[in-house]
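Take a look at the structures below.
Two complexes, one shared chain (subunit A), two partners (subunit B, subunit C).
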Partner chain A sequence: MFGCEFYIDPSRCIGCQSCYQACEECETHRGHSMINFDFLDREQTVATAAYVCWHCDDPTCAEVCPADAIKQGEDGIVRSALKPRCIACSNCVLACPFGIPKMMVSEQMMMKCDMCYDRTSVGKRPMCATVCPSQALAYVTPEVIGRRREKPTNVFYFGGQRVTTRVHMMVPSGADSISLDVADYIWEEAYATPSRA
Partner chain B sequence: MPPLHAPDPEPLWREEVPIFEADERYVSRRQLTKFLTLTSLGMFIGNLWIAFRSWLHRAPSYPVCSVAQLDELPLGGVKIFQYPTRNDDCILVHRSDDEYVAYSQKCTHLSCAVYYERETDRLACPCHRGFFSARDGSVLQGPPPRPLPRVTLKRRGPELIALGIQPGKEA
Partner chain C sequence: MARIPGSAQALSEQFGPHLNYVPAGGWQEESRHPAERLVKTHCCFCGQQCGIQLKVRGNTVIGFEPWEEFPFNRGMLCPKGVKRYLQGSHPDRLLDPLMRTEQGFRAATWDEALDFTARRLREIQERHGKDAVAVYGGASLTTEKAYLVGKFARVALGTRHVDYNGRLCMVSAGHAYKAAFGVDRSPLPWSDIPKAEVLLIAGANIGECAPITTDYVWRFKDNGGHLIVMDPRLTPISRQADLYLPVRPGTDLLLFMGMLHVILRDGLEDREFVALHTTGFEAVAESVKPYDPRTVAGRTGVPPDAIERAAHWFGEAERAIALHARGIEHHSHGVESCQAVINLCLATGNIGREGAGCAMITGQGNGQGGREPGQKCDQLPGQRSIDDPAAREHVARVWGIRPDEIPPKGLSAVEIMEAIHRGEIKALLSLCFNPLVSLPDANFTREALEKIEFLAVIDFFLPETAQHADVVLAGSLQEEEEGVTCSTEGRVIHINQAVRPPGNARTDSAILCDLARRLDKGSFFTFASPREIFDELREASRGGIADYYGITYEKIDRQMGVFWPCPSLDHPGTPRLMEGGKSFHPDGRCRFIVAAWRESGDPADEQFPTYLTTGRVVSQYLSGTQTRRIGALVDQYPQPRVEIHPRLAQTHGIADNDWVTVATRRSEITVQAMVVKTIRPDTVFIPYHWPGRRSANQLTHRTLDPHSKIPEYKVSACRIRKADAPPAWAREATSNPSGSNPERNDGSARASSRERGDTPPGIKAWS
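Up next is the complex of A and B:
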């Protein structure tokens, strides 16, 4: 399975949570799932989305860590916090633009998806990708993903911050990046209350 | 004249706190040299300090004080006194008519108090059956590794005074 990349397509997610359970079964962090599972808008839709860590090329979580606990391997995988160093300050949890790191209060440390380092390093697929029935989480070669209608991108804009990642997001063909600005989602009084004039 | 080194674009803390795992383990030649130099310097200063201290304490000075009156001890009598400090028990033995000897009472094995055996004229440690000669403090038998430190005595008029302690040399 070497030469494979991770692709995430939320439009394929059927909300079965197999990935969530499979991740929890992993020996290296049994009982703690590292999948970020979202219900997008429960009032309006049954749509769900499951994410793993995007493994940024320049990881914000590691940049903000005051304890030097988050490291990126030579393969570009950003690991969980190093247990002897992590001070459970939650800086990474707040800083990550994708909201990936999880503060495990019981362990007093941050844990996050490390793309099943124990499996991928010996040529196996990550747990979540092996169980995903709709391949919303897919660990395949670029040739295989090229047959899909959606196209992969790994460029994200969060306001002024440009983030490139190891994991790819499937976007409609034509889009070459994903742009989000928190300012667009800020609650503003003028929009919230209808005008009385 | 151009600068010898181009200015480093990366700040120093970035070098010290790298994000990449491999960079964290990397030790540059300059770092190793710095470590070796500083460690050697530390060792050198430590050695100087040790030498200076041993030079300072080259000749320990002992107080001169009265130990006993001559007529206080009968032949074969023993007196325990404290020398050079109040915590150091010593034993004074009247061996023969004109001979007084004094030793530290601490056995050189495990610091039990030794006592005088008059019949055999030796100092005995009851803990592990160590025996010292009362004549010169040397080890006769048992586990003690060194002779007993001997207190230098001097007669001044009717009293005995202690002048110092000679540490027992390793056999």
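Up next is the complex of A and C:
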């Protein structure tokens, strides 16, 4: 799977939850699904969204960890907490701008998506992106993703925080970053960070 | 005679459905004892027939691995495919034949169970005639088993009454295609879908019922195609539609006629194609004249300009495809709806070219292959008509009997149940069919089963219908017997045997052959393996429409499937039918057929002013015999709910999660409301996968399409009201969280995962 990257496109998600069910079957954490899945607002829409960890270049979860339990590999993948170190304080759960880490009370540790390093390291695609029937979760080459209408970005703004990630979000052609806060689009001289001019 | 023995609760304690959450040995078992082999095969559920690899250790399926090389799904799977392996080690699995007692069922030996079955069938036939016994087959069986069911009924029992649960699924489309094209198969391979310019998806909830097809639709969109979705509900794929047509249930046919009206009015038809390759155009053109967009809008609830635009997109495209499924087919005019789709394609020259045509999306696993080899009441192997003397002669020669020994056409599935209710059919042998849940008007079905003199069921679990049985013969799961199926594309694929049936369970074909021997017809059923059945099937289909003669297991493996017809061993198969517009009729022409409008058999009125429509959810399959036993799939959508638009909900004072009673002219059930803006305000929807007081089919009616005999599941007249209290089934369920299931095979890891609350929030569980 050399040259493949992970792309997420909620507009293609059909809400089948195959990713959620298949993640639970992965050998390194069998019985625990690391997928974050949601119906956005079922009364209003059938829209659904399934997410893996975005694997931030500078992972907030690791930065706020008081026990130094969250490590990023040389491959850029942010791993689950190291069991001997994790103190189950949930700092990472609260701090992650994407809401990804899960506190597993029974295991007394944080667990999260590790992008199936056990599979990718032996030439397989991550389980969720392999089974996803709509390819809302896709692990493909930039060339393959280039055939889609939407374009990938990996730059996000959360208030003043600019986050770049290993995993890409598919956005409408022309958008080069994603912000969730109207304030990010407003011109306010005193708070002109990030600059969107 | 055949009331449920003992108490329903005692039966469910013994036979489930229990919820299996964890693989045999626990979640960590595979780490300690890895799989010994991977078996390349296909999913046991829907008509997509996705390639999958089963992880096997010893005689147990312990998990799955995606099969990325298989070209149809390239590793993709829906949640049912992911979790299917949990059936293998399921605690509800039948390991012995069962005999009915006063209190329930007891295990028996095969000799006792089969001798008893043969004796009872023989007694009833001697007393009441051969046709007093009927046989039900199913479309989840391999093609070998389906072939055997048809031959068993006609040769071992000599009855005319053999039909299958595909009668509830594919027959409207099949009948229409056979009439128009002379062949009953989707004419195009799915690889054509991304190549179209316009795609009309009519009455097909692809995201939930054919999930893998979604990827084909999205690639079509990536190529710049325009997507038209026609459905009373905004289904998951509708989010990407360029044009959404919110058709009123039961009026799809009018919408197709309105589109053809516009196409002909504006001169968008392909005159050259019509002249060279079709017959009957003028009558159809005349028939759609009254259906101008304004008139059609009034009946369908689709705006006139949307009808105009849909017609223009479809008519002006160089390549257009229409995909349809049960939404337009489950009607008293289901055949006509399909004919109207075909008329649209013929008028615009969209047949027999890459990226152009129409296709039915098969619902059941072997929905296509299950109807070709002769378990349908009107057909012999090879999709041959049972009325055709030449066909009878050919098949009689292969079977080694005289043509006049083949019984004539019998009753269809629903008609068989009605004949049982009338007391005309006294005994039934049923496999791969759970009519108590899947047939319309479930209370009528229950009455019929209570009257029947003798019921024998072959199954691997004890589904609701089998609780009425006198004898249950413990059969095999899909992965326990080799064979072939034919996918929705017409691709014949190879089901590999991964494990042997556990305990004393036996393969379905061994059971049928053994039973034939006990009926003194063993010489016609000497098969030692599925391969021997397949070889006879190849001969029986040879020269027919669905010609399998040139297909072998090895060729399927080599080519990753073979599309029929494949008339000789050196023939590569036929992915696209009717290339160049040449049909299977003797004159080579496609038939325009006038599709006449008929009202629903259960029309709305002041008493019952709301439309009820039924269908599936993604995590459940058909009558739930298999999927209601898999914990993760049940959690995803635990109980049936009724979808209601806020506008309709408000007029009845109903809020989300309220208990709502839905009543039709036959019965009423009470389920929880799901108040959503994704359904028409004059329509409610309930999925049909559950039994008893949760069964949507308590509400549906037995009106059949006169040609195809498909029931009109997709529209009933109903009224709704807010219920005063939760129904009894929910009160019982509250006291034990797995619904009607007092026990669960729940791994501790999963139990704790539930405490953590990390199951998907999704559809809220009943409360």
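One rule holds for everything that comes next: the second predicted complex is superposed on the first by the 181 of 197 C-alpha atoms of A that agree within 3 Å, B and C clash if a C-alpha of one lies under 4 Å from a C-alpha of the other, contacts with A are read in each partner's own complex, and residues count from 1 in each chain.
Everything that follows uses one rule, which is that a residue touches a chain if its C-beta (ideal position, glycine included) is under 8 Å from a C-beta of that chain, and two chains touch if they have at least 3 such contacts.
For clarity, every value in this text was computed on a predicted model and none was experimentally measured.
Once the complexes are laid over each other on subunit A, subunit B and subunit C both fit without any clash. Of the two partner chains placed by the overlay, neither subunit B nor subunit C lies in contact with A:168. Judged by the touch definition given at the top, the superposed model places A:55 against neither subunit B nor subunit C. Within the superposed three-chain model, A:68 lies in touch with subunit B and out of touch with subunit C [touch as defined at top].
Considering which of subunit B and subunit C touches more of subunit A, the answer is C. When the shared chain is aligned, no partner comes close enough to touch A:112: not subunit B, not subunit C. Legend: residue contacts after superposition of the two complexes on their common chain; A:33 is shown touching subunit C, with no touch to subunit B.
Overlay on chain A (Cα): least separation between subunit B and subunit C is 25 Å.
Shared interface residues of subunit A (contacting subunit B in one complex, subunit C in the other): none. On subunit B, the positions that touch subunit A within their shared complex are 17, 19-22, 24. Across the complex, subunit A is touched by residues 22, 27-28, 30-31, 63-64, 66, 68, 73, 75-79, 81-83, 207-208, 211-212, 214-215, 218, 221-222, 234-240, 618-619, 632-633, 636, 646, 656, 674-678, 747, 749-750, 752-753, 755-756, 758, 760-763 of subunit C. Put simply, subunit A touches subunit C in their complex at residues 11-18, 20-22, 24-25, 27, 30-33, 37-39, 42-48, 102-106, 125, 127, 130-135, 147-149. On the side of subunit A, the complex with subunit B involves touching residues 58-59, 62-63, 68, 70-74, 79.
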